Amino acid sequence: MIEVTETAIETDRLRQSLFNPGAGGFCVFEGWVRNENEGREVQRLEYEAHEPLVISEGNKVLAEARAQFPYLEARCVHRTGMLEIGDLAVWVGVASAHRDEAFKACRYIIDELKQRLPIWKKEHYVGGDSGWVNCERCAAHGQQ
Amino acid sequence: MIEVTETAIETDRLRQSLFNPGAGGFCVFEGWVRNENEGREVQRLEYEAHEPLVISEGNKVLAEARAQFPYLEARCVHRTGMLEIGDLAVWVGVASAHRDEAFKACRYIIDELKQRLPIWKKEHYVGGDSGWVNCERCAAHGQQ
Amino acid sequence: MTGSGKTITVRYFAMFREHAGRAEETLVLDVKTAQDVFEQTRLRHGSMEPNGHCKVAINDEMADWSSPVNDGDTVLLFPPVAGG
Amino acid sequence: MTGSGKTITVRYFAMFREHAGRAEETLVLDVKTAQDVFEQTRLRHGSMEPNGHCKVAINDEMADWSSPVNDGDTVLLFPPVAGG
């Protein structure tokens, strides 16, 4: 299951929701807003998502991960809106019988999510300017 | 930092203790007590550790992980005593600038921990017998 | 607009919304594929962005740039994504 | 016990503690290496466990089976580990 939320992600609630008595390994990845990107000091990040396609593509990604690395439970939540340094932007959790599947499925999910899901982030720099991440000319736009 | 505890591991407190403003990726592995091992129905697990060497060897493992996959923060806690199905036996968390180091360091730490640290577990089966894990003749001992 | 014009609703996201100065507009366009929609709106809004790392969806289904567009379709133009 | 006997404290963990029926004992042994201590205590307690996947520590430092033991040392015998 994948979700998009405008409010703070509750990691403890998510973790508990993945409990399964057959699970011996549980792997989580969290994306945090950090204070720097490509040498520029970042003050906050703004995330935008097109939710219907985040959900449909995200569920495809979860199914692909399960086909390759059979897991018992998996869940992903992506936050949108304006986030501060240290805020949690994305949470991916996978519970499986053994640790290998949990690690590999979790990694697959976050890697594919970053490449395929219609989510964008705009960096707001300490200097007051901003730029969309992953766009070759973002820096130029941001510095205008 | 690595710790051994006889009481429940507080995941949320650990997670918060690894916050670092330069961290963009955070990977956690948790080992949960599952209800089955090698075809036998498990009721609970008993963990024993020799703490001084868990600490010294564990800190070597954390340093080796950092040398290979430079991370910002890492922490590991292993529980001892009698645990029930679903209980958390071990928690490993790694925060790093980018996700690749977080995943790889976390995996390295748990893999080495399982091979090198003086920690043992005894499975207590539903039938009432028990056996030490990883010992070729455990099953025979347990069934005596 | 010609007799072959199709009524297409175009939705712009992130950087594209900023280029277009709007989130959505409905246009009558002489287009066959998603690529044609991209090119025509790019000209319209003076955007220089190539479609290399961009993606497109039609009626909320991911599509290829060569996918045909039909009268009444909604075409979503996605600049390079960056989740996580 | 011979004139070359060394006083060694042996600590048993997990399965080894169950085999030995005790967590620790102090013995006077005619031994040169950690391996010798393992063999002599194995004979003493009738354990059939080979040292293949076992580990040994001397005075709370991980050691090799070929490491020398000295009078007064504490030797820790670790059966195959299984953390996590």
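Should a chain be cited, it is by its letter among A, B, C and D, assigned in written order, with residues numbered from 1 in that chain.
Operating definition for what follows: a contact is a pair of C-beta atoms (placed from the backbone, for glycine too) under 8 Å apart; a residue touches a chain by one contact, two chains touch by 3 or more.
Because the structure is predicted, anything quoted here is derived from the model rather than measured.
Via touching contacts only, the remaining chains, with chain A excluded and nothing moved, are grouped as B, D | C.
Relative to chain A, the most remote chain by averaged C-alpha coordinates is D. Distance between chain centres (mean CA atoms), chain A to chain D: 50 Å. A straight line joining the Cα centres of chain B and chain D is 26 Å long. Taken residue by residue, chain C touches two or more other chains at 84, whereas all remaining positions touch fewer. For chain A, residues touching at least two other chains, in rising order: 31, 99, 110. A complete list of chain pairs in contact reads A-B, A-C, B-D. The touching residues of chain B, when paired with chain A in their complex, are 11-12, 15, 19, 21-36, 85-86, 95, 97, 99, 102-103, 106-107, 110. Of all the residues in chain D, the ones that touch chain B in their complex are 13-15, 18, 48-49, 53, 55, 57, 60-62, 76, 78-84. Interface residues of chain A facing chain C in the complex, by the touch rule stated above, are 31, 47-50, 52-54, 56-57, 78, 89-90, 110, 113-122, 132-138, 141.
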